[in-house]
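Multiple structures follow.
Presented sequentially are two complexes of chain A, the first with chain B as partner and the second with chain C.
Moving on to the complex of A and B:
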């Protein structure tokens, strides 16, 4: 988009280096491998020059300069501490200053052993202080939230934490208060550090001033095992480092990757790490005799094979499978069992867009988002669903991108984006109007023009779009009309991999259509002839068939339909009627009474594998410990089962498995056919009130089990959000209670009146404490609803824990 | 609890409207003065109100409020007596002036608010009149070449309700009035706001 800046040549410590105009001296030095000490400098934050540690001498200048704020100039001659006595002295003096009020309580500081202040004091510092007066004393630590603790004595006032909140997350809850010697990082009285990105401030704090409540006094860097992993909580694909002490995960940190997560991760990725070590984890195979009894893997696989032979078999998976698992399952179902009844989806987009994603034919990356001139976000609450994508959109906005959001609820992009609120299910209609250019003088006209004229536009479509059978393809069509990039953004970490692998009733690996002979043949060339070319049942149809007893054996792989499927009643009926249920997961949970066999799966950080980001980038994740107990990677279990039924999958190692994957999953060009969408206006419906739901970031999901600090900081009890005009019409008051009724059920919930939500629709979160919203749903994530005020809360109410809107604080 | 009366809220909106769209937070100083003119200081409620007016977090407001000594976050007297103790003034006896001021005003050791709640006495950085050192400001109006005796007289006069003329310009009036002036909102708007007198000192945060 922009012209590359002119290169500039300068000399640092006698070595020449050529860098683009505008580069900071500290970065240019890095390119030469010269390290200048620093505290406040951070490559992903704007320079501030707060700590004064990075002094260098520049020939022809009378004073020392801070390398982190000084831009290079042609012919500049820079001397760092390596070649300038003056710079060295300046740095030593500054370190002495920084340490004047520093408590030097390293032995009890969580940062000890990995502290930039410690390290740089050793490397560049004076070693001894001349300061003998009493030091400044503060109460310590003070909690900024249940996750983040602040020790003000240790703070060097580098403003990394506050700049992160200002420039990156936009959650400006912490600030520098007061001035002079009394200056300190602080939060306003009565405000919480309610940011889903708060943990990043801990990681970038160059001292032990910000520490994590989850890691307090837990470990030292030399007594943990670490491995490079990929976060399994969402499709963002954040690069993480997992720390294990004595077999237990104790910490997750972000790894830098400018292509993916920059240097950040969200608080869920950072703090929800205990699920695999929780009391619910089952690590032995089980088989139902009198009760569920432990047995060997071979025994259980043998029995399952027996039950499945010649039976009608179906597979449902959740969102946590690694790419290898999904691929193995796709093959297992089709080759060993000859069934196409398999699905991983929770939202059914269908259509061309999904097929293109499956074929890896759409290539929008984080970088494309970052550099876009305009971004249209549709049916996606990025902050809650794919948090790091949210940060990237914010970064783009800071670089000047125009951002527009079409959604039923205002998102936390509101300070950088314009929202076009619409009722759920109507996104397609809005998009259609954008395609047409919008009515004269309307907001849509303005937005359409901004999108058309922007250089490098990107359309990001979320799962709420799947609520309308055509909306996703309308979004695709709009992107084509704009010449924009398009991405279908799934929520869960395993979604993209599963779609590509063909854990789908109609799509084979690489998005090849089962029903199209030529595409099927490409798969058959590797897998051998497939028994059926008839597309199978999708997730919902599988459950319906189970309920009608048209399926004999149901495999539940990392999924709990009772909680995950947007129709709790159907899930229950299915489980009650299908004769055999095989559960493959980390735990049994509510499926315990139903399971006939249990196959223990290894957790993500216990095995080798890959996860594919929403962009389609496949990233390797490495194990940090051995699988707990007898658990195994899912793909190995599938391979074992295939052996047991006498139809081996043909791969004995991950390498062999990956070879086959590479053959079938290479990006394919898909000729774009006209889609189901015909341009005649997508049908709309209008309920009195439309209820819609999607999961919030921190909820009762199983992968967040045990994350008590995270939940204390960010989890909200269930609520129903109502637009002020609807609230008035329905006589609902903010802070009061409402009985919400749908065709499927009813619930009594605290009311939040807010113009964040589109008029005519009400939002309930999918799985917060107090409500499993799938009890209100009949297969979609929207439902026609009625609301009535309930004086005082009524029977359905949970005992009055602090259930109130965030505004209700005094 | 709302600090601003509806009339003053309307004023606040007018102040906000002076700044370009998207830059409303620039109104933070006049709004803080406006709140201070009602409360005689800026309380947590006041900070929150400014934050909500500007659509920013309370922390952002407090960061600014805490930086400027003209914005008072702790209980404050009707007269803020600022004694410059920077170099020029220090060399000409500012320490003694400060002690005399504290004594006469009746400020307890370690505090800054007089027992009768009338005076806040605190040390100030250079008041930009070094040629007239030692300088003392009362509600931001400078009194030049002060001595222990003249500062005591000044404080006694204020206590008697007199309006001793500063070195330049008219007597500024009490702290609320001065804050109102600085907010750029006439005294008559929203008159009748509840009186709040400063009482015991709150501990420093």
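Moving on to the complex of A and C:
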């Protein structure tokens, strides 16, 4: 695969071009700027030659060839419609044929105005049809899911959508059905198109056969303002186009970027775009007088500065901040307030792996994953957490990579990967056995050998690995042993950027350790002397300190601890005890009773900025509209606050900010220290079962607010997933109800018995309707739990915290 | 220059020209006025003229012809038309087919009466009428909404500034 293919020279329309062997004629023509009409051809799908539109004449051949399936050959002489009458006639005839059954209902079709069939008929077509007989008629449209509508009349049977499902997402919900004029795209009766990638089929449909329910009759291409953005839903960093009509986001499309998302985005990125236009959005600064009352920015910032003068201040943020905001926050906390009590994480990796990720960028990229010979995925459910990475792993598997997953729950990679299921928290022990090579004849031995012998291996570690304090470092050590690439894959869009910027109690920008004088000095050279060289409190310690009243002012920037922190009780205690809470976000939500001041932030598509992918790639996102109301980009608010406390940050524009950022975030070498793995750290399982949780892709998260169609299509109500053997032991039945009890709380949930989950552990999604699972947690995403069957969900199903009684489900 | 010198010509030739001119004057004095006495006297335009305000038409069964396709808005060189499409309720359709116009507005402060929208309309839903009186007292009044456009225009002579208006 790494061998470069031989170059071949051929002639197209009298022009010579040299391309690698195996290139398709249509791609070679593109290089010359010659456009050949096509419908079924898509650069990221395998060629199929279904639509027959790209006919070209090849000298020495008796028939016309489809350019999208024909590979180049040395000395080939190709004539496209530009130089061959025969090719031109063939294309015109084919277009007339494709239009025979096409309803030509362009005025009501959502594709009208941006339709490849419309455009290419105008450019290459006959202009008139000789067909006067009645056309084929179907019921239209039929919903494939609450998101995707199918109009079979318009379909030209290019099979882009079915090939996408087959080759890219690997979930073959839709398929070509029947033959001839009756051929159509179909889905199994009673089945829903429940793929988290279903929206891509809409975008690649070259006609209006597949349309989005969210965009149905909403706008035309000339109505909308568009801007190139970056998706803010996860750390995948998908390149998107955001369409705004009259100030309201109406559509999100994927942009092609072969380095990042190819041509795909997940359905959350595509359909969850209404959060910033929702009724919960607050766009004026508020201050608590009698109630929360509107005020000017100056007034609120002045009051906040007053409150924090000489006070003990701490900053919590989540994964929403753009890189610029994170950098400004890091500087604000340290320079203006002299505190190191700031954090963005909710799982605490610590250790060398995190420092490495903070210090450098692009050590492992999408491309590395795509070309890897073997991939080890640890503690990561890629489809649910970083969906586009999931697609890349699948792409690699199609290219022959061996994929292994060490996780407590089988992921949707199961058809291409081998899973080593283990109880949560034990991943480190499994990795340790892989490092040692595994016992003879064991699965580990086989996996270790496959990883060792593969050409270019990659280890991808997810955030669930942080459940054991050293597990990420063990994963790092394994990757070193294998000579493999290593990446920590955070879930949220701002995670990596915040880590790089030093929104961290012990790390300064660029992963420089606060406690190491030489590294601190590099930052002090730019920022001036830092008041404190002691590492501060991490997110959990900040909340604990708040609960103990050891912090006076708590800044909550784009984070809602009540929902985000894996310990709802602690979050509540902290909010009740800290004297001053300053909320900076798009909305107040559940923080309304607590907030003493509110600072309205601009949404991602309302401001200039960058977001960093899990690889460390910083990508620019552009505004498509002005910030709503009085809201401002977060960094501007931080700059205003610094000004109000009399310690300006020193940047008046985003360019100045970036200049300083780039100076401090240039890649650095980090000396690798050996990690001490405490082998005895393998937990002894005394409790009955271990409950573990992570957020599913479509959940009750704030950024999915208003995405009713998406939720109708993909959101599942809360459940508890139990291994069949555990279910038998605990007398739980599939479809029955179980009371799940942990040290923090209890909940009654419907049971799913499935061998997808590791024995001895039960899975509960983090934030599905019916349960905010953080009420069951005390600081970690795992907890010892007991389960008991609740007959018919009977009495006692209520009570306690976070209860989802069976009544609530009906 | 030489031509002008010749024009002056003889005295008699010059006087003849003057008489000719005066004859034209007297002939016009006794002709009827061409000027319209608008708005004191309001002349209805020829019956098939399409020179004035738009109208959204209906089918004979009462359904709206407009399907909300926005082609008129696309064709409009003055960006005077605003259309929002929506899904027809199959039980109570507004127009035949899947789509209808939920909102339809024309801003007559922008409209230049070029008729491109009418040409673009695929269902002949949008036509021009002969109601040429386009005077408004406020900017808001100059934006006609869908219910106004579905109605026939007000009779001539009722616009602000005319005697009845």
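Here is the rule we go by: the second predicted complex is superposed on the first by the 780 of 810 C-alpha atoms of A that agree within 3 Å, B and C clash if a C-alpha of one lies under 4 Å from a C-alpha of the other, contacts with A are read in each partner's own complex, and residues count from 1 in each chain.
The definition used in the following text is that a contact is a pair of C-beta atoms (placed from the backbone, for glycine too) under 8 Å apart; a residue touches a chain by one contact, two chains touch by 3 or more.
This one's a predicted model, so the numbers in the text were calculated from it and none came from an experiment.
Engineer: Touching A:60, do we find chain B (first), chain C (second), both, or neither?
Structural biologist: Neither partner.
Engineer: Scan A:140 for contacts with chain B and chain C and give back first, second, both or neither.
Structural biologist: A:140 contacts chain C only, not chain B.
Engineer: Is A:646 touching the first partner chain B, the second partner chain C, both, or neither of them?
Structural biologist: Neither chain B nor chain C is touched by A:646.
Engineer: Of the two partner chains, chain B (first) and chain C (second), which one does A:179 touch, if any: first, second, both, or neither?
Structural biologist: first
Engineer: Taking the superposition as given, does A:127 touch the first partner, chain B, the second, chain C, both, or neither?
Structural biologist: After superposition on chain A, A:127 lies in contact with neither partner.
Engineer: So, A:217: does it touch chain B (first), chain C (second), both, or neither?
Structural biologist: second
Engineer: Quick one: in the complex, what on chain C touches chain A?
Structural biologist: 67-71, 73-74, 84-87, 97-99, 122-123
Engineer: Using the touch rule from the top, collect the residues of chain A that touch chain B in their complex.
Structural biologist: It comes out as residues 172-179, 186-191.
Engineer: Quick check: in the complex, which residue numbers of chain A touch chain C?
Structural biologist: The touching residues are 105, 107-108, 112-113, 140-141, 216-218, 220, 222-223.
Engineer: If you look only at chain B, which of its residues touch chain A in the complex?
Structural biologist: Against chain A, the touching part of chain B is residues 44, 47-48, 51, 56-63, 66-67, 205.
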